[in-house]
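First chain A sits with chain B, and in the next complex the same chain sits with chain C.
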Partner chain A sequence: MHRLRSDLLYTLAFGILSGALSAFLFVRPMYDVTYLPELVLQLSGSRGVFALVGGISEIMNMYMRFAPSILFEIYAGTVMYRSFCTASVYVFTRNPNRAKWYRREACRVLLLSALFTTVSLLVAVLLSAVRHEVIPNVPGAILLLYHFILYSIWTFTVTILINVLSIRLGSYNATLAAAVLQAVCIALLGLVRLSDQPVFAVLTRVSPISHLVLGWFRSAIPAVEEAIPPVTREGFWGFSFPTSLLVVSVYCLAVVLSGRQLVLHHDILSGNAELDGG
Partner chain B sequence: MVLQAKHVTKSIRGRTVLSDVNLRLESGTVYGFVGRNGSGKTMLFRALSGLISVSSGEVDLDGKVLRRDFDVLPNLGITLETTGLFPSYTGVENLAYLAGIRNRIGMSEIRRAIQRVGLDPEDRRTYRKYSMGMKQRLALAQAVMERPDIIMLDEPTNGLDEDGVDMIRQLILEEKERGAMVLVASHNKEDIQILADQVYRISAGVVSPREEAAL
Partner chain C sequence: MFFRSVAVQIRSCLKQSGSIITFLILLAFVLQNFILNVQTYQGDDVLSMVHPMKLLVLNEFGGYLNIEMFSVLLQVYPLLLPLPAVIPYAKERQTGESILLAARIGGMRYAFSRLLSVLVTTFIIFTVPFLIEIGLNCISFPLEAQGDPLGIGIYDPKYPEMVRRYLFSGLYIRSPYLYAVVETLFWGLCSAIFAAFSAAFVAVFRFKFTVFYLLPVYLFLNATTLLSAKVAGTTAWYYYVLPYNERLKNPAYLWVLPILLLIAVLATARGGRRDCIG
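Coming up: the complex of A and B.
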């Protein structure tokens, strides 16, 4: 209980920090008035009414946008791993079913990831509403929901990845690996410029971060479609929410299932994995 | 309750750390394991408990196979030499956290376990401020607090003063009387002579029975 309370408090703090940074750094309405869809698009990678086209400044901007999430992921990346560090022998001899333990811990990480995204979004929208005039509407609410779902899943995926990699590599190397992976995926956004060539189109499509840029979406819902500025790249026809949800979920499932296998078969050889080198 | 190791071998990175181990261990008995540092005593406890998988052979408890029917021995109490507890928690908080995993005992049993090993449950010092002997006593308290059926103690009297050694020996004998199966690994021959009903010697991962007189 003590552990959960402490995790919730830290998550709230990271969520507030992330939301405040997003509101101050990335929400810039043209005439001090913004519609909710435009605000959500700005929070998820687009600049103003322009879709992210893969320029260096946009990509650097995207790195900045992910910085608060990475801070949270570093913190929550030890939620499971902590049990492998201190008192691992005493913890795991009291858990006769490791799969059940993993399931419970993964649910804890999912809860924290969803809470982080919720708080971050809420704070960003509320602070923006205080600083500028924000006009809410239905397409905005739908985009907000898309943003919440996709970012929660991705944050959860990276956090689980750090936890399970830490068991093998130690927390420093695991965090570094996850940060590099995200940096590479963000850099791949630049390939959208070359998406008229099949190989780059495929790379853009398989990179999970591409599916977090809501400005690149097309929608079957007319009001939402109207709210998203048209994507002008030749050969790039945009993503849809269902396919992006599928892509991000596949990555998530792959990480969660690999993590389960690793936890089930991991030999607990040291009293403190972090101090004894795993 | 019968715990059996059948042709258990464990290799790590090409090195055999346990070699064709065969054991039959029963409740209400204290088993002593002697051997030099690095001989495989701790590794044997890890393999018997389920903390590590074995490369070949199997461990079973009353016919149920470890790592197939369960991941670790159910109702096990264990101390291993290198394992610490949470440094920022007090003794009671550490044990309460661990007891919360199984949720079988309450605060009164936790306090009783701490008293049994000669510590004060009201002590507000955190674990990081404990002396080596106090850490050893707290580790033993966590091993016995839930009245486990099987207890594995790795060098249980290490770092203890004379009174502490007597107290822990008494505790082990009480657990045996209660009907627990107790496995004690020690390089202290006196511990083994006083406590063990059966003694095994471990050398380079090979476990062989040894008569008490030969100690």
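Coming up: the complex of A and C.
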């Protein structure tokens, strides 16, 4: 109980930090009045009303948008792993069914990831509303929901990845591996300028981070479609929420299932990865 | 005794898997950039060629796909910094090996020999791959080429203005090749000081998970980038450590490196005085 309370407190702190940074650094109204969809699009990579087009400063801005979540992931990346570091024999003799233990811990990480995203979004929207005139509307609420779902799943995926890799590699190497993977996916956003070449188009489409850029979405809901500014470049644009949800969920499922296998078959009597690995 | 201990620790750090992995990652950046440049420019007329030193991976506009690779490098750089020497130092403290060494050569000597080994190891690992690239470019591309990847010709009135904003512009005007070497050494020096700043936290604080030693340098470097998005002028760390950055520099940067080094020295002195067993 004490552990859960401390996890929740840290998550709240990281969420508030992330939201505040987003509100101050990435929300920049184009006009006197900002509509909620514009604000949500800016939180996911757009500049003003313009969608991300893959320049170096935009990629670095996107990376900076993820920097606070990396801090959260570093912290939550020890939620499962710490049971493998201290008294692991004691923990797993009391939990002989490791699959059940893994499910419970994965749910805890999911809860923390969802809480982090919720707090971060709430703080970002509220602070922006205090600083600028923000007008809420239905398409904005729908985009906010898309943002919440996609970013929660992605944060959960990276956090689980760090947890399970840590068991083998140690916390530092695992975080480094996950961060490098995410950095490569963010960098792939830059390939959109070369998306007329099939290889680069495919690479951009399979990169999970591309599916977090709401400015690249098209929607079957007319009000939402109208709220996303049209982009002129042909051939690449037009992710839809169901497709993106599917892509991000596939990555998430792959990580969660491989993590389950690793946890089930890890020898708890082997050396301490924290000192051997990194 | 002190310098012998430093030499032993540098040798030991250079043989660690962390150093080898970091070196190989940086070398991979260099080689991919070199190969892409060769493929892009083979058969081109010397008059249309870009200056060989401006094709380096440390130049954000240096190659065909360099924006993507360069952005990955900038993203993983703060995570790679502690890997060659700071993480082995942290492990040494976690395993208690440091007590043995401090007992042999004295606490203060041990702490300072560790700081010096962090500086030298990080400098070597972060400099050699880029010096190799300078050699490769000198061999493979025509040394008479004068072009700029930004498309600004040397007779363009903007060109002198751009060159004047380089960090050591006087040296660049005298010899662009010597400038590239000096800038690469400066990049190594900055990396070494950032790593020493991380090592200061190892000397003073003790964390259960090695990944938390990543935080000081990660937070510092990203704070400069975040500040850059908000404050007029440029505070992002990479504007100062990269050779061909034409943005206006803030003179305050001259103080940052000595201050970081001073923090590292003071923290090491404090750590060296502390009781090893406490």
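Heads up, the rule we're going with is that the second predicted complex is superposed on the first by the 269 of 278 C-alpha atoms of A that agree within 3 Å, B and C clash if a C-alpha of one lies under 4 Å from a C-alpha of the other, contacts with A are read in each partner's own complex, and residues count from 1 in each chain.
The criterion applied here is as follows: a residue touches a chain if its C-beta (ideal position, glycine included) is under 8 Å from a C-beta of that chain, and two chains touch if they have at least 3 such contacts.
In this text the structure is predicted, and so the values were computed from the model without any measurement.
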Checklist entry - Does the superposition put A:H265 against chain B (first), chain C (second), both, or neither? => result first
Checklist entry - Between chain B (first) and chain C (second), which, if any, makes contact with A:V89: first, second, both or neither? => result first
Next on the checklist: Output check: A:I56 vs chain B and chain C. Expected answer is one of first, second, both, neither. What do you get?
Outcome noted: second
Next on the checklist: With both complexes superposed on chain A, which partner does A:V180 reach: first (chain B), second (chain C), both or neither?
Outcome noted: second
Item to check | Partner chain in contact with A:I74 - chain B first, chain C second, else both or neither | outcome: second
Checklist entry - Looking at chain A, does chain C or chain B touch more of its residues? => result C
Checklist entry - After superposition on the shared chain, which partner residues are touched by A:N97: those of chain B (first), chain C (second), both, or neither? => result first
Checklist entry - Touching chain B and also chain C: which chain A residues? => result none
Checklist entry - Can you name the residues of chain A that touch chain C in the complex? => result 21, 24-26, 54-56, 59-61, 63-64, 67, 70-71, 74, 77-78, 82, 85, 170-172, 174-176, 179-180, 183-184, 186-188, 190-191, 274-275, 278
Item to check | Contacting residues of chain A [partner chain B, same complex] | outcome: 1-3, 86-99, 264-265, 267-272, 276
Item to check | Contact footprint of chain A on chain B as seen in their complex | outcome: 12, 46, 49-53, 70-74, 76-78, 80-87, 93-94, 97-98, 100-102, 142
Item to check | Contact footprint of chain A on chain C as seen in their complex | outcome: 18, 60, 67-72, 74-76, 79-80, 82-83, 87, 91, 94-95, 208-215, 218-219, 222, 225-226, 229-230
